[in-house]
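One structure below.
Lettered A, B, C and D in written order, each chain numbered from 1.
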Amino acid sequence: MPVVDEKKTTEEEWEPRILAFACNWCTYAGADLAGLNRMKYPANIRLLRVPCSGRVNPQYVLEALQKGCDGVLVCGCHPGDCHYSTGNYYAKRRLMIFKRFLEYVGLEPERFNVKWISASEAGRFRDTVKEFTEGVRKVGPLKESFTLAPSAGDKLFGAHNESEAPASEEGGAA
Amino acid sequence: MPEIEIAHGCANGGEPFIPQVCRIKEIIPETHDVKTFRLTTLDGKRPFDSKPGQFGLLSFISEGECVFVISGFGEDYIQFTVKKVGRVTTRLHQMEVGEQVGVRGPFGNWFPYESCKGMDMLFIAGGIGMPPVRSFAQYCIDHREDYGHIDYVYSASTYADLVCKEDLFENWPKVPDMNVYVSVYHASEESEKKGLTESYTAPFLETLGIEASENRAAVVCGGPSLYRTCSESLKKLGFADDHVVTTLEMRMKCGVGKCGRCNIGSHFICLDGPVFTRAEIAQMYTTA
Amino acid sequence: MSDITTTLRERARALMEDGTIAAFIGWEAGRFERQTTPLICLDAADTDRLIFDEYCVNTTAKYVRDLKQRGRIGVAVRGCDSRAINRMIEDNQFKREDVYLLGIPCPQMNDRKTGTVLNKCQDCAHRNPVTYDELLGEAMEETAPQDRYARAHLVSGLDRIARQNIFNMAFERCIRCYACRDVCPCCTCRTCFVDQRNVGWLGKQDNLSENRFYGMIRAFHISDRCIECGECERACPMDLPLMAINKKLVEDMNTLFGEYESGMTTDNEDALRSFSKTDLEEFE
Amino acid sequence: MILKDEMLDSLLTELSKEQIVYVPKQVNGTTRFAPYVSSDKMKLDQVNTVMPPKDLLFPQTQNMYHYGVEKNSGNMFIDPVIESADQILFGVRSCDMRSFDCLDAAFLTKGYIDEFYQAKRDRLTTIAIGCTEVSETCFCESMGQDPNHAPQADIQLRHGEGGYNVTAQTEKGEALLEKFKPFCEEGEVEVADVHCTLNVDASNIKDNLDILHESHELWDSMSYKCLNCGTCTFVCPTCYCFDIDQENRCKEGVRFRCWDSCMFSEYTAMAGGHNPRPEKRDRVRNRFMHKLNYFEDRYGKMLCVGCGRCIEKCPVSLDITVLIDRANELAQAEETEAAHA
């Protein structure tokens, strides 16, 4: 589960934070190849290696968004190429529905996408990341467009180490 | 007939919900999945005074809060003996000396060490039921002259699961007028080397020739099945229900009788218990 | 007393007396006017309390799960109940021979307060039971609802911000009593993901984030199995528009992967547990 | 004193200048007690709000303390978060007023005082309104509360033709009454008493439940239809059980408490897998026994106030009044049998 540094959300220094689930057999190798070839792509992306795109539980996607990622990308083998033969077919159906569902409850379409990237498609990986990051950058910080309720700790986290007398200012202690 | 009086509904004052920060002073590995943690405050004092049988709640950064019986204490520490079963205890087992945890307590009532003075004591423990019973037994050993003959019956699944081996095989056999009986459910090479019987607790207990008397109290702690079978054996041996003391376990969250989940009838185990006599438990269940 | 009530009592009693069934699930009158409540008959005498009228709002199939160890269970089923039974058979909760179904064509249920047709019954397409051992009364002519996804279309026509507001408001007032889960015939997991406290999928705090997570994930878990009975929405004490979510998911699956209705048979191929190599490719 | 209907808004506006005034109103698709805003319509005719007022004192999620690692020393810190503010609860009904008695007993007696509750409770002033209407599910009279008058309230209002009769009942109420005076006039309006239409005999229910043994058939028949959802406990004004949990982020966390329900099997499940109340039946029994027997045993009062919310909202219409009737009946039968034997 991604841990988000709250302090970087002020407007001028805001950079999109993007989580990408990458299938171990294709996309992760593709990203590796992109690195070997010294391709440049935005550093906003954090790769999370999963055994197969079929392993990506929609819960993970929602959790990432709820915890403050600005966008989530799921990448896997092209249909037909799955290391486990059918994993990405299931993932496709599931995520097609889930993407529509997310948009239905009010998420911008730019924030969630699925791409098939094979181990040899380093360029495609770079382009996908660039495109996706730009898309997310365009729609801005998630907090402003998809209401995230303050979590129990939102007001408190970080308070202790900033000031010497934290409890009184936050809680209005009796 | 000497009566055993147990205090119920004990509030020790102090902060009910806010823990104090403590440091792990020492970790003693007991078995492959049991460790004893000794905690001291940041300035090296004992976090609080407690009586044998009371419990405390441990909490730490990144995980939840959990209830453990205080298995003993020393000049500057209290100790918890913890078996690795769930998420919180697994995290606790990964901790190292010097790490800090939150502790609140002591909560609940205590073993009737006052009213048992002058009596013969029979302690029965199974598996991880050892720590609570040990705290009382240790108290009796520390105040040896106040108590009569002591029998300590302990069983665990295998030799490897026996907790506090040092006490069982080295310290306690040297205590005057105290017998220690140990059995295992499944014999192994090591248990045979030590000459331990392979038997479940209740049948083992019946073979020891311990007789009930008005002046002998039994203290039992173990899992639900041990409690059930040993209660029957004790009855067979002639122990009166009000001379059998046990400590109950329930899921607890607050520890101070507020959160509601640990009730048996109108009694809250965390506040009125966890120590009861068998007679009281029977009474509790009939009115529950 | 209506004819159906009389026949229902007679048949339930006869079945219990001849030992065909060990228990019978139906409805009885509640304390208040026009109020009904589920009734589980464990002996023949209880069957005299059975009733059937336009206020039998509960879908009762889920009780079979609790009772099945007693033997064969008789159930009074309308369209939605019979689909729930099919669904639970398909999910391996019990077998067809574990239940004896007395089918009742449904006159559509009314809200006891207003006397109008219940929301959940309004776009019902199957008022006759789809499976039964005996049918009490005459099967009625089915009227296809004007728009099966009317509940979803009310929302999907709005713009993104409006949709978000609707669901934010809804999830903000959710109290996480889990009535929607407990009443749902598709929610049959032995341990629900919200109860897996050791894994920690979901925090216990009641706020928009956690409530939305619960609401969305529960809906998604049952999405391809939802029988569109609307019990979740009826049971919800805070009146969350849960069917607007379920219908949306069902609609998407129907348009993308082909028409289907869950619970019509016991060998339906669920949309998310199967695939076709010719599926639309939109992630290329 | 009379408070004329038309003066109500100006009074509440005045009161909300200094404190938060909670009034019953429609919020976000449901009715509950929420801060007064003069433009919003209040629901004073509403028989009972869907959500009880208990969350003013005992919020569904309440932070207890903030903990983590101090940056400089590396030590663990624990900062308590005790929230409290001056609050007025306006327009509360008799039954909900009695629920505060129950919560007070649970949180403030028997050894430990719950500081989080107390901090809020001490600064709460209550203004009750006698009921002018009862709903079919109201049965507070059977539970020993008068729907027209709540002796627990600081100020009691009773509505009649054109206005409210105002009476202060406690010191706190007297003090607040000073603020009422500019908006009130002398005299009294005529008020009419209302009575519950649903009546059950709860006078002996505790003893009767004692007679019925744990394995009694009553508990089977009552629990079959229960779904084990938490609706009844969450809409109940007196259910006070809670869970303690935490939210963590990096090296920090907040420990909070939140409502929990005895209807959930997870409520009592222990780490090793044992569950003392494994069956639906055990949990249903525990809930009703807690309401009608255990709590009285421990605190001397019934934990049910007769507000009728659980009857109204239960998805399967499991009805506590039916249980009371049945228990009385069965206990009587059992006693007659014992007398014969």
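One rule holds for everything that comes next: a contact is a pair of C-beta atoms (placed from the backbone, for glycine too) under 8 Å apart; a residue touches a chain by one contact, two chains touch by 3 or more.
Values in this document were obtained by computation on a predicted structure and should not be read as measured data.
Chains that count as touching both chain A and chain D, per the definition above, are C.
For chain pairs A-C and B-D, the one joined by more C-beta pairs in contact is B-D. Inter-chain centre distance (chain A to chain C, centres taken as mean C-alpha positions): 35 Å.
Chain centres here are Cα averages; for chain B and chain C they lie 49 Å apart. Centroid to centroid, with C-alpha atoms defining each point, chain B and chain D lie 38 Å apart.
With touch defined as above, residues shared between interfaces to two or more other chains in chain B number as follows: 86. Multi-chain contact residues of chain A, defined as those touching 2 or more other chains: 151-152.
The set of chain D residues that touch two or more partner chains comprises 61, 68, 77, 80, 243, 245, 247, 252-253, 256, 260. Taken in their complex, chain A has these residues touching chain C: 58-59, 62-63, 66, 79-80, 86, 89-90, 92-98, 100-101, 103-108, 113-116, 146-152.
Of all the residues in chain B, the ones that touch chain D in their complex are 9-11, 16-21, 42, 59, 61-66, 85-86, 88-89, 100-102, 224, 249-251, 253-254, 256-266, 271, 285, 287-288.
Partner chain B is touched in their complex by these residues of chain D: 64-65, 67-69, 75-78, 80, 106-107, 110-116, 210, 214, 240-246, 248, 251-253, 255, 257, 260, 262, 267-272, 274, 276, 286, 289-290, 293-295, 297-298. The touching residues of chain C, when paired with chain D in their complex, are 30-32, 35-40, 58, 62-63, 66-67, 169-170, 172-173, 175-179, 181-183, 195, 197, 203-207, 231, 234-235, 237-239. Here chain A touches chain D in the complex through residues 3, 151-153, 156-161, 166-167, 170-174, going by the rule given at the top.
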